[in-house]
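Here come two complexes built around chain A, the first alongside chain B, the second alongside chain C.
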Partner chain A sequence: MINKLGKNIPEQVDGLGKLQAFQGAFEKIKKGVMEEPTVPAPNRAKMPHQSKLVDTLKEAIEKCNPKDGLTISFHHHLRGGDEVLVPVMNLLANMGIKDITLASSSLTGAHDPVVPLIENGTITRIFSSGIRNELGKAISHGKLKHPVVIHSHGGRVRDVHTGRISVDIAVIATSAADCEGNATGSHGPSAFGSLGYAAIDARYAKNVIVVTDNLVDFPCLPPSITQNFVDHVVKVDSIGDAKKIATGTTRITKSPMDLHIAKVASDAIVNSGYFKNGISFQVGAGGASLAVARFIREEMKKKEIKGSYLLGGVTSYLVDMLEEGFFDALFDVQSFDAAVSRSLYENNNHVEISGGMYANPYNCGCLTNKLDVVVLGALEIDTDFNVNVITGSDGEIRGASGGHSDTAAGANLTVVVCPSFRGRIPIVKKQVNTIVTPGETVDILVTERGLCVNPAKPELEKNLKEAGLWVRDIKELEEEVRGICGEPKKIEYTDKIVGLVEYRDGSIIDVIYEVKNKE
Partner chain B sequence: MAQNRTRKRRTMLYIPGNNPGMLQQGSVYGADSVLLDLEDAVALNQKDAARTLVRNIVKSINFYNCEVTVRLNHTDTPFGDADLEEIVPLQPDAVRFPKTESVEDLKKLIDRIEEIENKHNLPHDKMSIHAMIETAKGVRNVFEIAEYSKRVDAITIGGQDLTADMNIVKTKDNAGIDYARKQIVMAAKANRIDCIDTVYADVDDDEGLKEETLYIKKIGFTGKAVINPRQIDIVNNVFMPTEAEIRKAAKVYRGWIDAKRRNLGVFAIDGKMVDAPVMARAKYVLDMAEIDLSSFE
Partner chain C sequence: MINKLGKNIPEQVDGLGKLQAFQGAFEKIKKGVMEEPTVPAPNRAKMPHQSKLVDTLKEAIEKCNPKDGLTISFHHHLRGGDEVLVPVMNLLANMGIKDITLASSSLTGAHDPVVPLIENGTITRIFSSGIRNELGKAISHGKLKHPVVIHSHGGRVRDVHTGRISVDIAVIATSAADCEGNATGSHGPSAFGSLGYAAIDARYAKNVIVVTDNLVDFPCLPPSITQNFVDHVVKVDSIGDAKKIATGTTRITKSPMDLHIAKVASDAIVNSGYFKNGISFQVGAGGASLAVARFIREEMKKKEIKGSYLLGGVTSYLVDMLEEGFFDALFDVQSFDAAVSRSLYENNNHVEISGGMYANPYNCGCLTNKLDVVVLGALEIDTDFNVNVITGSDGEIRGASGGHSDTAAGANLTVVVCPSFRGRIPIVKKQVNTIVTPGETVDILVTERGLCVNPAKPELEKNLKEAGLWVRDIKELEEEVRGICGEPKKIEYTDKIVGLVEYRDGSIIDVIYEVKNKE
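Up next, the complex of A and B:
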């Protein structure tokens, strides 16, 4: 079947059942209810004073009675420092468990060691918002039995509610926990901040294992995961490499290109009509995105603007903006550095939120829906403003959907910042390799060679032109970029689908094909 | 050329001629001018490659509204003439001639440029020349250099080489080159051409750059060379007239339009007579503020 963006989507996929083609960003959501039934959350019972403590991870897994075909979930709050997911998957492999579905909120370079497990049939299905490095390469070259499902952060919550992801065992790494499983990421030697993405796993998994390297006296406060959802608690020597989990403070880029793009993006936001008292705002953690926060902060100071809330993936720069009084509150679903954990622990206005409250479209109001402005990056963007943040110029999976499509759909003003080309690779293209975020939810593209406004927003274009900003037609920009970089060689794919890109409403917005091996 | 030029030269961004990435992106950062460097930024064993690269970039890249200037190697070096052979036919907006010490230097340069232009049927009044003063001898001769040819529409100062030539240590306050700076400004002003200050080398010292730019603006420089795109906004902002200056200039210009309409030779604003220099200053301020003069008509 063909979806609204002209992509050919399979009618059904083994194990996922019938698929729905993407119909438009709000076609399903505007109905006001989720059509798919919600699965009930499991219930368990414990005898009074029954101990949840177990000595080893192996013992905890064994107590969950693992079987072939199980689904196991993890969060990615330990980022590149995670040393929980791989040992657990190796334990399952050593137990001889096969045909496992791995449902991690995201996967990073730290998870490359699971590649042999997809090659030997231990892992046959993956759900994740992001996949990178060797794992992305392996999947792109057809090593995983079933297509990987790339979901958004909000969409993952929906997938659990509908049972598309039905978690048998949730392994939740925490930086502090007590014997009952009350747990947090906000303090302890391996503190990593918010545990937002694990909240849904704790609620819906049939077995919940809390793993910590810092077992504290009961009660562990403040609890992000509460004991009434936890089956087993394991103390390990280390949940990961603290240096790779969260260190120091995030610094604003010094790259002239990123700073230039960020300044233009900031000028666009300031002149968009949304820059006023009460503004809510989200920026990404990297490159030009975070640099936009620096310029916005300067403008807020100059114009005496006071914002309502900051949202997102939180860096220390956003914490500083909260502490300096530029915003009233900071809602934190995921934290990026050590300074953020301290703030989360100490500052009442720095509020930990779940993935559902952050971005699930199927509830009575996620925070992305109330956003005024979001600034996002892109691996590629096309002349219809569709954005790819998952596959690289070689067609291989090397990115993350994350909250990209969630925030783009929710915000009043979605600004995508990226250079028009990197090296000799065009970023602004006629057609992107893979659509993650539909162009109808993107308002402005800011590049080093001027900015482009979605034709659906003529008023916005008028405002920005009147402010003297360099507004260009995206087709003209694409032509110029092609003139500089030349026409890239077409990527060669086979007919095998290795990935499904799920839009936040559960429909399929694009598919990823197997990249042909180079001869 | 100077007579027809309305373009501002607040910032001139140096870009090494052997760096393709920087060359193709140099014009997007908001500098008024890019300075594609074949001289000091390029190692001796890369001179040929840089020349070819700059030639191709000038031919094929859109520099938008940026003035394109190429800094040549001196004609006394083994590379200078080859640079001229490749660059002059492309007719960039300007060439910057390093270590200009005398009118003899300039004459030799201009003769060779015009010889190449004749060979390619090119006019002699399109590409201008920026004379770079980098030696004590050049400072002594700067008045003659500035008035030698109409093709010379800017004088620039190279602080690093000048301090080396003077055998002094470069200090943060640049006391050693202060005399040279003021001489260069006077020579440029006497000929109504631009004068561009030397670079500020510490790219992480924004405050220091701002302070130095405020100083060189005060003594009469019309712009400054920069070596990092992050320096552009700081320098441009210093050269941007203040709101009070713009208001005053607009008032003078409106008064002049009104006086012209009423056939008045001279007129007064706030009790002060407005003469030609005041008018010229008002136009300059409005131009720097990028205000369209026709909007006053």
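Up next, the complex of A and C:
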């Protein structure tokens, strides 16, 4: 099948069944295809006054009666500090379980140790919003039996709800939990904040294990995960390295170029028509994105603008903006540092939300679908504004879809900020290696060499030009970049598909091929 | 079929399908029947940035495309002050919709005006935990086409989850809501507290309408109902009479007999073996029940006992106990007065819970299944400790199952408090008119003429006797009551079934027959 972006999508993939081709960001909904049928949530009655506590992770797993071919899920709220996923996967491997589907909301550098498990057939399928480091390399070089499925945060909820991901065992790491499984990430020595991505697993998994390094007296409040969905509770010595959990990605860039890009992005937002009382806003954590928040904050102060809500992926900079009264509320699906966890615990206007409420396109209205403005990064962007955030310039998987396509599709104004090239490697290109976010959902690209407006938004382009911003044609910018960097070297791939990029509506927007080994 | 309590249960009922006979409080679970299959929760995708606001209730209903035979659901958190259910039902009647199933979490005196709608075939089925006043009379006299199904609060969640109640339109009254349908009952001029019973409707109804008299700026916090499940939002002039919403059932009885019963019940609890640090506790709002809380509070103070959680049906007396530090937490599925709403809004240890977390027996562990002690009332109790809380001494439906059977089954110690007779009408009887709560789940009956212990609990009986309490044989008590009141007059019924009492596991524990009209 050829999808709307001209990508050749196989009709079906061994081990993953039939595929749908991407037809456009909202084409399925516009055509009245509200969704494939959903699956029923399980219920498991228990006799009253039974203990859910088990002594070890191993015992908890054994009680779930693991079998070859099972699907196990995790959340990635512990980020690079996670010490739960790897031990659990090693336990399953030691039990001799094969052909496992690993469904984690994302995977980080902390998960490199599972590479041997994909090599020996313990893990044969992976669903994740992100893949990095050695794991990305191994998959890019064809080590995983079936192609990895890269979904967005919102798409993952739909995947579970429709049964595309049918979770047998959900392992939910928490920084505080009680004997019944009421649990939170908002306090405790390993506090990591919101448990938003785990909500759908708790509801739909056939077996739910809550893991904590901090068993507290009943009841654990707030109950981000509630006991009515939890089968087993296990106390471990550590769920992770607190220093790596609180990533500290909250420092604003000091790079003059990034600051310049951020300033231009802020100017574009201020002149876009969406900068007014009641604005809702999301920025990513990295690079220039967070710096945009700083400039926006200054403009809000100057112009006495009061916003409605911040959404994220929450850094402490956003918490400050909430506390200073620039916004009424902060919706938090994922928290990035200790200050955020504290705010989530203490501030009633800092609200933990599920992945579904954050970004699932197949419900009555997720928060990304109500956003005014989102600021996003990019690994690459093409002259049709299609964005790659998953594969590097060498073609290897090393990024994350995350909420990129969800927010881009939902926001009234989607701003991508990135340099036009990095170290002689072009970022603005004729064609990106892999499309994650379709250009039809991107409105503005801001680089150090001016900004480009999607031709579908002539009114916006007019506004920005009138405001004196350096608005350029994206094709012209691409040519200029090519003039500086030279024609980008073609990546050599085999014809084996190693990854499927699933758009938030469940269709396949792109495929990732195996990178040819260098001789 | 004859059920475990000797009641003759029809194999099936026209319009309600096949029935299961009650086998015992936990027999289904013990036999490994965890549950009938559940139904998938719907999802309904919408395009971003669409307005959900509609101008009138009528328009909201019309957008749900109502058809003959539909099921419509409501919650009863507005109690006797509700002004939403009747107007909606009249709207449907005026649209000419027939054969409606009315599924309200309970029905009160405020709902008498729907009697004409059951007489003219607009409403032909009713699911509810309670039926009172004219509506109870009308149903008892055979006016409703199909038998009313009386469920417990926990059983209702299971009914919706399994599709026994398949809600087409859920109308959720809220005291504050925003344009997306995020809504709460915890603040606003008509604040009524927890929205616990509406949670399952929001998740499973095919169409969800949020109704409010207090449309607030986005976002409405806390979002007890979240926007991802809401289709339409409508602002009305009034959702109800605030004075009748805050029922003020929080005053403790001044009746010397009730106070005496409460004191004995408290003594029994203190000597039961369950009165210790970490105790969890629920009391009803009415009669002697709340007075028990007063005595228990005094005993906790005296003996320096610190409890774990209070559960309910919450009156402000329980809020005081939370604030005074007698318990760590207060779980609130239903709030009874304005002070409770305020506490729910302000106190993070006062936690709103769904009906499922409260009492659904078919999940991994509801809070009623973790209770230590519950104190309950009774309209009648028999010598096997079976309790009637639904039909009056004239056989007419005038009560509520509520959480009675849920808490009785879950608690380690279930105490029923009631006088042995009222105005020459015996309450302790050989046989009750209608069994709602099976005697196997009741441990102690406390009356003004001593207390009786279920023979299944000899250890408990021993403890209470040793503590010097007046422990009596329930058969002896019944004889004594009969000696005072005389043989109770037999109620004359026809052989037409007008009600089914559904136990929390979905089986039928009793049937209610049509009361013969007096000539």
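Keep in mind that, in the parts below, the second predicted complex is superposed on the first by the 512 of 519 C-alpha atoms of A that agree within 3 Å, B and C clash if a C-alpha of one lies under 4 Å from a C-alpha of the other, contacts with A are read in each partner's own complex, and residues count from 1 in each chain.
Basically, a contact is a pair of C-beta atoms (placed from the backbone, for glycine too) under 8 Å apart; a residue touches a chain by one contact, two chains touch by 3 or more.
These figures come from a predicted structure and were not determined experimentally.
Of the two partner chains, chain C is the only one that A:P48 touches; chain B does not reach it.
In the superposition on chain A, A:E299 contacts neither chain B nor chain C. Looking at the shared chain after the overlay, A:D99 reaches neither chain B nor chain C.
In the superposition on chain A, contact is made by A:H260 with chain B only, not with chain C.
With both structures placed on the common chain, the touch criterion links A:C366 to chain C but leaves chain B unconnected. Counted by residues of chain A touched, the larger count belongs to C, out of chain B and chain C.
Contacts of A:E323 after superposition on the shared chain: neither chain B nor chain C is touched. In the superposition on chain A, the residues of chain A contacted by chain B and by chain C do not overlap at all. By the touch rule above, chain B contacts chain A in their complex via residues 21, 24-25, 28-30, 61-62, 228-230, 233. By the touch criterion given at the top, residues 26, 28-30, 34-35, 37-50, 52, 158, 161, 180-181, 208, 217-219, 221-223, 226-231, 278, 308-309, 328-329, 331, 348-349, 351, 353, 356-357, 360-367, 369-370, 409-410, 412 of chain C touch chain A in their complex. Across the interface of their complex, chain B is touched by residues 254, 256-257, 259-260, 263, 423, 448-449, 480, 484 of chain A.
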